[in-house]
Amino acid sequence: MSHFSEYKDTIQPGDLALVWITRDNIKPLTITPGEAFNTRYGSFPHDDMIGKPYGSQIAVRTKGSDRFGFIHVLQPTPELWTLSLPHRTQIVYTPDSSYIMQRLQCGPKSRVIEAGTGSGSFSHAFARSVGHLFSYEFHEVRYEQARKEFEEHGLLADGNVTITHRDVCLDGFTIKTGDKTTFKLDGTSGRDSAEIGADAIFLDLPAPWDAIPHLDDVITPDAKVRLCCFSPCIEQVDKTLEVLEKFGWTDVEMVEIQGRQYESRRQMVRRLDDALERLRDVRQRKQQGVERRKRMYSKLLNNEEETSDVRPTTTKAQFNPFGKGSRVKEGDTNFQWKEVSKIEPEIKSHTSYLTFASKIMKKERNEELTAQIIEQHKY
Amino acid sequence: MSHFSEYKDTIQPGDLALVWITRDNIKPLTITPGEAFNTRYGSFPHDDMIGKPYGSQIAVRTKGSDRFGFIHVLQPTPELWTLSLPHRTQIVYTPDSSYIMQRLQCGPKSRVIEAGTGSGSFSHAFARSVGHLFSYEFHEVRYEQARKEFEEHGLLADGNVTITHRDVCLDGFTIKTGDKTTFKLDGTSGRDSAEIGADAIFLDLPAPWDAIPHLDDVITPDAKVRLCCFSPCIEQVDKTLEVLEKFGWTDVEMVEIQGRQYESRRQMVRRLDDALERLRDVRQRKQQGVERRKRMYSKLLNNEEETSDVRPTTTKAQFNPFGKGSRVKEGDTNFQWKEVSKIEPEIKSHTSYLTFASKIMKKERNEELTAQIIEQHKY
Amino acid sequence: MDPLTKIAYDNHVLLRLPSNNLKICELKPNSDISLGKFGAFRVNDIIGYPLGTTFEIYYDQTEEAPDRSDKSKVNKIPVGKLRILEERASANGPASEDENTPQPELQTFESSESNKNLINIGNKIQKLTMEEIEELKKQSVSGEQIISKMIEAHGGFHQKTVYSQEKYLKRKKQKFAKYFTVEYLSSTGLLHYLIEKGDVVRAMDMSQETMGMMLNLGNIRSNGTYLCVDETGGLLVYALLERMYGGDNESPATGKIVVVHENEHPNLDLLKFSNYSEEFIERHVKTISILDYFEPPIIEEVREAFTPMTDEQLKEMKSNKKGAYYRRLKWYHNQLDIIALATEIQYDGLIVASTLHLPTFVPRLGEKVHGSRPIVCYSQFKETLLELSHALYSDYRFLAPSIVETRCRPYQTIRGRLHPLMTMRGGGGYIMWCHKVIPAQEDIMNVKVQ
Amino acid sequence: MDPLTKIAYDNHVLLRLPSNNLKICELKPNSDISLGKFGAFRVNDIIGYPLGTTFEIYYDQTEEAPDRSDKSKVNKIPVGKLRILEERASANGPASEDENTPQPELQTFESSESNKNLINIGNKIQKLTMEEIEELKKQSVSGEQIISKMIEAHGGFHQKTVYSQEKYLKRKKQKFAKYFTVEYLSSTGLLHYLIEKGDVVRAMDMSQETMGMMLNLGNIRSNGTYLCVDETGGLLVYALLERMYGGDNESPATGKIVVVHENEHPNLDLLKFSNYSEEFIERHVKTISILDYFEPPIIEEVREAFTPMTDEQLKEMKSNKKGAYYRRLKWYHNQLDIIALATEIQYDGLIVASTLHLPTFVPRLGEKVHGSRPIVCYSQFKETLLELSHALYSDYRFLAPSIVETRCRPYQTIRGRLHPLMTMRGGGGYIMWCHKVIPAQEDIMNVKVQ
């Protein structure tokens, strides 16, 4: 059973769930009766979750306090899964992956090649939408990790994802008997290699130009095939462009995707009139001093003796329209606020360059079949 | 007299002014008694402008109409001048030029090399701030145009701008007797070439790498010199990086500047309740029809005869909370509006890559002088 | 023949012209399609080829060339023959595949090769007059030939840099070449068609990248039931359909899109260009007005107003009354459908592209979204979503509303002259994304930890 | 010796450390400056060199190395000798100038050269323990030597790609190298110093590019008189001063900056780092509170309160009363100054960086701006400027308010591996720009043509 592909109603034992603690802290969790999920806000028994609908907020009273700690239990989606991954992992983030899927026209009929698998986050997004995903990973340890994860997540059971251990730059994409792969080759078809017939290719490789020449063996021969190469450096793009042209790929376009996220914030509205009023308040208090100095000066001019004019104690300013600066909580209803947006403090200013191209191997038609069809439609 | 360097109070005959018609239509104008400035909104006599303060709005009654046409007469600044240039010209726009000036630490002590002059728009911004601008232009026609413009604008008279006709890639930056230049070489100094001593360089050339080797002859030898190359293509950057390293330039950094402009707009606030009310209004009018059909059906079942139930004429909807769509003027006070911002319809997504570097030719000190100074400061 | 990969009769396809203008055509058997100055062709000549194929229109010298002096024929473009083109000159790609034009090498920028000696005197440098070119167009058939003649007659052509030469060629090719590419009508294609037609307002200024991101953030799958508001006239619904069914009328998937509309009748006009059958759309796309959705009919009143008859009753009914009965029966089922859509479904996602005031609209739409399911809301303006996200933030049923933006920046991909395009269209819109959640009871009395 | 180009006594300079951390120092004669783990040096050893020079601190083996076991000396970093470094490892530039590290060639990406066989087992791969490294630090003096030893002890170093090796080297160099660059304290430098210290709030989230653009849009010249609001504690005023005078205390230029402040006293604290003399600042920077500016003293009242004496009267005054007289005289002139600043000047520009509600503040400040002069207003938030620009748009004294944004995007400049930096700081702020104008009388009754 896939934890991703079926919309689930309630949280059940054995489910893979995502626990949302904060926006930057989302943790995967296998629901296990009797166990507990520990955070610094408290310990959440899985039994409190079981039977509740997905999306439920779970509360526990924090130890030695009258307050509650809260988490939300969510059903995983590829996008939430991506957010839950540690940031240091190489991840294709949603702004890129969603654009690539749109450009590659991913849908239930798509047959997609992904190399390499990497963290597997993009594989999840592909798996949701496409007819079949052929994922390739050359790093053996990462292959094993991804294979295990795909299995645990139910992607393999869903039947539309296979993963193969392969250096596609050296050995191409063909999947044969004996390969280290989750692809099931049954002897019945009389072939000893998988029928791939890909129409969408995603290459996240350091040297896509070494893989591109192998593609002709596995792409569908008589339909338009779309390709995307994901490369961080511009020199990789340059070399990719060269090879794409050499191997007959056309409609070449390279783009960058810039994803941005904004926080919703409030800024205190501090009006000029209030600021002036505050200063008037200060001035008034000082006025007494000024008056006093003026009197003293007059007396001086008139040769009167300086009296022991008692210096009045200045009272603290009473008028404080903006509160005590940073100690006012944002949104405090005693003040007026303006809604403002603030870009995230650290932005992902570059992920990779995306080079797209397409190819139709055989720009031909089945003349016999076409003639029949035309004949059928004659007036 | 410079039309740029002195803050002027009133519009005077002979002044170079900028006429602001719309944001995208700003025209230079030499104020000439008796002449008129013609727009499709009307003809504005210069005499109406003379004597008025700069910034004045000038009105004329449009022919055969009770309405007025308006223009604003502004004193030129480098930024307004840049806006007034035709967009098809190659221009260094303000987001780039202001960043470059800030990075090159332009101030009254700066001695700046600019190659090439191009449209001259950046020259105006440099001229405003720097001690001396040495501008170079290799295209003879453009050189003459720029020289003439600098003269008309008073830049040459201000004394801190000179322009030289030169292919700096071939012939370097040294200005000698006999060169086609506005630089005045007086024989008195005993030198036959100009003392340039530049500490800030701006190269807007297709092949900056050919010019960079010539710089050592003209930069100040014992202070930090800053350089900026302005190149549209990444391959130019790559070649520039190579040459910068070879010729001892350090602190190399390359950036892109992205300038954006937003329009302030209003969007109508269309509340759900109003939209529902509008549909209720429609439903009510239809209700009569439904009732009628219900009655008819009942009669049918009861085998009564169909009466000639008069179909009521549906009255037009009265409740129209959002006005007639696109015919409502933005900001119409009969409706509620939300302030929104809209990016300009066509953005300058790329101007050029800016490659910065710096160099100190002699990392030495005058040991004798330094020893004296240290001695003076001994306790 | 698979209509998803091959050019097939009766399908709508997107034609890309040399100018990169787009045109949507229905491929009626035996009909001709005219591309104006780019020529005309016969539909039968293209069917069977893979979608994505580029065809060049050519005219044999023996064939009758268009005779522009004959006024009656002036609007009738003659149908040409077709041949396959290996590659079209792409918008940002290499300017030309012409063998006479040397491929630019990396770093060819030399000042000696610059346009130094070229002074722009406008059209005077082209010694071929407009009249002569028009004459050539009348006589000749190949754009290539006109361009060659123009180059011969161009006084300054050899003073241009290789780059300028290519630019010139490309511009001219777009002007005189006669070719077109037949593309599958994807949701992106439909969007580009609208933009290119200047109908940016209809598309609510949405960009391809924003549209694609809505589909992913909305976790759109072929087995979900989605609540949707679509003010783009069907573009968004089409994007959902494409992601869910990939153009496949035979798809066994059970997903549905319930479209809530502000006016009395839904506007999904753009679906007329789709190749989904009417039955398919009826099965997978349901529409309901906001009034019916928020104030659905009361079941008791509906039952009171009408009771379906048993088969026996129906048999006894006079045939002249049956028409009225069936109209009424349809109304009855329609009312039941409305009640079901408005009250019985827990939606798997909420996808909104609306100009209604979102802070009052979206929380109410969100009521019927199942816990843990995403809510994705589009707006042309960030300020609108800012107000929405503040409203949702103080409502504990919505988890972590955030405003996201995605922008695509295309490059010129000529090797040796790589750089981002100098200008591009602004806009593209913004997305608010959050998840529906079910607050714990304790939450009411306490502060969220987050 | 020119203090604008050479390292000079008593000037404030910016020190850039290997970590790229920044430090502002005053160069007191004969003093020592300690850079913590990067060593210490003697001021006398650097003066006279050009600003921008990079020095390496080294310790002869014969010299006493820091003895960390002696607790009394543990905080006292020994002063080292200096030598000139040709280039520091720059932040985005080549990772290393080490001759042992091969320069990366274009396109060296081969899968066989990738990190395929490297499994991350964290620190275990480094066989040198932290204790051993600490020991080396105590004994050794050169960062290079420590790094060499670490590479020798690194089990997987040769399995890394050239690129990874360089990254490793660079990281280690920044950790152990002892060098610093002495930079002129530019306004950008001051800004970076604040950002780097985490004082982004003080800088109002302003970026270098936004600051630079304000100076240009404000048409700042050395002969202008500018009205300014500066909530950054003097950063903005310093940027104006630098553009107007370039650090030159002897500048003959006559420009002035009039700073209007919200509190009783101005906050221009950051000017304490500047190398302008007090007299210079007093001459060119005037301060006035918003209350004094908007409600200046009435000249008659001031005159009524005090009349300056003639020289004769002054001579006759008893010396014990002169102190009071001069205090009063100073007050009198101060009041006259305030009146002049608030009423008599037509400003050549208005430059605002304030968190006060701009739609009520800026139009009032704009009253005293001369026609045709620019108004430039900074805010961290676009929404604030949007409200402002709407307010200004309906006020005919302000021409074409527009909101502009500028963002700098730095690249990694290693040849063969060019790309924009993967992450960067968000923010940077926005600018509202418009011009003060004088509406025609006719305008009152009519609609603007624009």
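Per-chain numbering from 1; labels A, B, C and D assigned in written order.
By our rule, a contact is a pair of C-beta atoms (placed from the backbone, for glycine too) under 8 Å apart; a residue touches a chain by one contact, two chains touch by 3 or more.
Predicted model only: the values in this text are computed from it and were never measured.
Matching residue numbers shows that B-D is the pair in B-C, A-D or B-D whose interface repeats A-C, with more than half of the contact pairs in common. More contacting C-beta pairs link the chains of B-D than the other of the two pairs A-D and B-D. Each chain gets a centre from the mean of its Cα atoms; for chain A and chain B, those two points are 35 Å apart. Note on chain placement: the centre of chain C and the centre of chain D lie 49 Å apart, centres being C-alpha means. With centres defined as mean CA coordinates, chain D is found 25 Å away from chain B. In chain A, the residues that touch at least two other chains are 234, 238, 339-341, 353. Residue numbers of chain C whose C-beta contacts span two or more other chains: 106, 382-383, 386-387, 409, 418, 420. Residues 106-107, 109-111, 114, 116, 119, 262-264, 289-291, 294-295, 305-306, 321, 324-325, 328, 355-357, 360-361, 364, 380-384, 387, 409, 416-427 of chain C touch chain B in their complex.
On chain D, the positions that touch chain C within their shared complex are 383, 386. Those residues of chain A that touch chain C in the complex are listed here as 5-7, 9, 20-23, 41, 52-59, 67-70, 72-75, 77-79, 94-95, 97-99, 101-103, 105-110, 125, 128-129, 131, 199, 220, 222-224, 234, 237-238, 241-242, 245, 250-264, 266, 339-341, 353, 355, 358, 360, 362-367, 369-370, 373-374, 377-379.
Of all the residues in chain C, the ones that touch chain A in their complex are 1-2, 4-6, 9, 29-30, 44, 47-53, 84, 86-88, 90-94, 106, 184, 186-188, 208-209, 211-213, 215-217, 219-224, 242-248, 251, 253, 346, 348, 370-374, 382, 386-387, 389-390, 393, 396, 399-411, 413, 415, 418, 420, 435-443, 446-450. Chain A meets chain D in the complex at residues 138-139, 141, 167, 169-170, 205-207, 210, 232-236, 238-239, 265, 267-273, 275-276, 279-280, 282-283, 293-294, 296-297, 300, 338-351, 353.
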